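Dropping the structures in below, format is structure tokens.
Okay, so subunit A shows up in both of these, paired with subunit B first and subunit C after.
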Partner chain A sequence: MKINSVKQDNCLVIYINENEANFSKSDKFKELVFQEIDQGNLNIIISFKEVNYLDSSFLGAVVAILKHLIPLNGKLVLTQLNQDIKNLFELTRLDKVFNIEYDFSEALNVFK
Partner chain B sequence: MNNKILLVDDEVLQLKIIERLLKSNGYQCVSVTSVQQAEEVLKNFVPDLIISDYEMPEANGFVFRERLLKNDDLKNVPFLFLTSFNQDDLVQKGLDLQALDYIAKNIPATQLLAKINNIMNTVHEQYQKSLSEITNIAKRLNLNIVPTKAPLLKNFEIHYFNHSYQNHPGGDFIDFIKVNDRYTFLILGDVMGKKWGAWFFSFSFLSYIRAAVRICVLDGTLSLNDILKKINKVIYADDFLRDIFSTLSMVLVDDDEAKLIYAGAGDLPLLKFSYQHQQLLSYKSEGILLGFLEDSNFPEQEIAFEVGEEAYLVSDGMIDFEVNAVKKSDINLLKQRLYDLKISGKSTEEIKEILFNSQASQIDDCSFIIIKRK
Partner chain C sequence: MSLTLPLIIQSEAPQKPEEIHDFVISFTDLLCKHIKFLEAKVLANIKLILIEYCTNALKHVANEVNIIQAEFDNQILQLKKIDKAPKFKMGNLILSQDILRNYSFIELDAHSFQFVLKQEYQQKEILLIPEHFGFEIVIRASKKFTYSYQEDTKENIFCATLTF
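Presenting the complex of A and B:
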């Protein structure tokens, strides 16, 4: 699972450096982000800039991260989703529960 | 069939010879010249077999094997030593490290290939045997995630199909619950995930769904919104399913009035081909994935049917395609295919056959239910 995390302003930006975000990586991804949350990183941006395809397993991991953050009063913003992935969030109504910003700068603004 | 092999040897010539031998016999090989490189590759790739040299600079094959045995994701990957260091004590240590074999490098190529073929066949047979045993146990426990037959109704024909991904069970589940001569529930769900994990959890979801439907029916409630709210609440409260989510499409067929009531949770739209408009209509449900929020609402919609019209419930595997090695999710592609088939006058049975044959590059388990007005 190739990700890198960078502290920027008052939030943690997690870049998924994978072309395919799929079943084989979803558990590891969830575990890594949960570790960040447990270390006190409650303002999180996840960038999908490098991701071309997202399967339902990985989508489930992203949903689990949001569910984990809500009772901790944390905030999650998803950014730089391609059109297919954005459509997938809309098709499954997940666009109603996630904060999705196309531009990275807009994602940062959410935490200002 | 299992055919991915990781080769680890610091002697590049030896590596190339074995790689060529294996590739020419149908295996896919990833070759690296050090344990460090192997460990890097294994972060993103789980092979079906690892073949490693013993003596290598920095970390040797034994150190490599010891580290693998401590890694839960990799400790069960079959492992072979292939080396010119063949003293008895080394062979013994290699075998003690749960290597399947310790092979001398001067072995004839045909014998090496035969040993590898035998290992791969045994691993595959063992896997199939375990799969069959678990499937049989599940059957005995009545843990079917797909019914054995469709309900027979006066005004509708019900067809359904479920196709597993690479012969692994998946997270899709289908159920039909006939309440009486008038009302029948049709259920299509998809636990997010693939293969065994999703399959395992699909039983928990199905158990809750079956129980909730029956309890509500006993209480005289046929409201899909009420039933889905109850299902969602118990799933949300179940700590075992804390990080597991499922989509659900639920249809109540009113066979006397020849109409459907539909509601869903994070599911793909119900599709219906309308002869009147000569188009494929989408009915989007409004509910959120089961188990995400403690209190959710699942508004119902009524769908009227003309004679001959068809509606389709689909799981997300039906909209995942792989074209030129690029994967994508595209519901419009499925809609276009369905539309073309309907316009060309294909029967329900033909549509079922053609859709699944055209899923040549299927990348997830696929399920769908066809509801046809007689």
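Presenting the complex of A and C:
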């Protein structure tokens, strides 16, 4: 599971450097992001710019990350979703649960 | 992949996770070649169903041959996942409250049932949102989603029906 975490402004941007975000990577992704949260990074942006598709397992991991952040008063923003990933969030109604900003600069603005 | 008329597209599911994306693209390209009026939204739902079928095959039935099949006739598209694993049992899922928070089952007969969505309430409490979406995605992306077990061939058949 390849990710790249970069501190930017007052948040942590996590870039998923994978084309396929599926069950073979979801547990490791969740573990890596939980580590960042547990180190005190409570304002997180996840960029899906490189991701072609998300499966149900990876979607579950993203939900788990949100549920981990909420009791800590953290904030999660998802950004740079392609149309297929956007469709998945809309279909599952999770677009109403997550803060989704399609433009990266708008995602950064959430934390300003 | 093989193609016969009326339209039937059948292929073995991918053997590796990294093959899923190319498989779905190839499968949907072939569908689009023969079903000219596929709307973008319908195509998006087809892709999501195929991804979940492939994921299910690799995650849960990796030791068996998994067939992904599309049948199109009379404005109805049926997407099927067929395998010869032991009969799928509702009881395995009923034990998981997380999985069953958003959907349940209607028994159709001794060997088949339909998956149905429950009332949508989960968004009101984020901490109660389930973390398992596989079947839910297929239920939402199709008009009808069923499971049946064919005793004669000993096949599990998951079938998502989309109408145009």
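By our rule, the second predicted complex is superposed on the first by the 112 of 112 C-alpha atoms of A that agree within 3 Å, B and C clash if a C-alpha of one lies under 4 Å from a C-alpha of the other, contacts with A are read in each partner's own complex, and residues count from 1 in each chain.
Convention: a residue touches a chain if its C-beta (ideal position, glycine included) is under 8 Å from a C-beta of that chain, and two chains touch if they have at least 3 such contacts.
Predicted, not measured: the structure shown is a model, and the values here were computed from it.
Peer 1: Quick one: on subunit A, after the overlay, do subunit B and subunit C clash, or do they fit? Just give me the call.
Peer 2: clash
Peer 1: Is A:92 touching anything from subunit B or subunit C once the two structures are fitted on A? First, second, both or neither.
Peer 2: A:92: touches subunit B and subunit C.
Peer 1: With the two structures laid over each other on chain A, which partner does A:2 touch: subunit B (first), subunit C (second), both, or neither?
Peer 2: A:2: touches subunit B, not subunit C.
Peer 1: With the two structures laid over each other on chain A, which partner does A:100 touch: subunit B (first), subunit C (second), both, or neither?
Peer 2: A:100 contacts neither subunit B nor subunit C.
Peer 1: Between subunit B (first) and subunit C (second), which, if any, makes contact with A:16: first, second, both or neither?
Peer 2: After superposition on chain A, A:16 lies in contact with neither partner.
Peer 1: After lining up the shared chain so the two structures overlap, which partner does A:83 touch, if you call subunit B first and subunit C second: first, second, both or neither?
Peer 2: The answer is second: A:83 touches subunit C but not subunit B.
Peer 1: Name the stretch of subunit B, from among 24-32, 42-50, 114-122 or 204-212, that runs into subunit C once the two structures are superposed.
Peer 2: Residues of subunit B that run into subunit C: 204-212.
Peer 1: Using the superposition on chain A as set up above, list the residues of subunit A that contact both subunit B and subunit C.
Peer 2: Comparing the two interfaces on subunit A, one with subunit B and one with subunit C, the shared residues are 20, 23-24, 52-53, 55-57, 59-60, 63-64, 67, 84, 87-88, 91-94, 96-97.
Peer 1: Within the complex, which stretch of subunit A touches subunit C?
Peer 2: Per the stated touch rule, the residues are 19-20, 22-24, 52-53, 55-57, 59-61, 63-64, 66-67, 70-71, 83-84, 87-88, 91-94, 96-97.
Peer 1: Which residues of subunit A touch subunit B once you look at their complex with the stated criterion?
Peer 2: Residues 1-2, 20, 23-24, 26, 30, 52-57, 59-60, 63-64, 67-68, 84, 87-88, 91-94, 96-97.
Peer 1: What does subunit B use to touch subunit A in their complex?
Peer 2: Residue list for subunit B touching subunit A: 43-44, 46, 171, 190, 192-195, 198, 242-245, 247, 266-269, 285-289, 292-293, 316, 320, 326-331, 363-364.
Peer 1: Enumerate the contact residues on subunit C facing subunit A in the complex.
Peer 2: On the subunit C side, the touching residues are 17-18, 20-21, 24, 41, 44-45, 47-48, 51-52, 55, 58-59, 120, 122-123, 126-127, 129-134, 136-137, 140-141.
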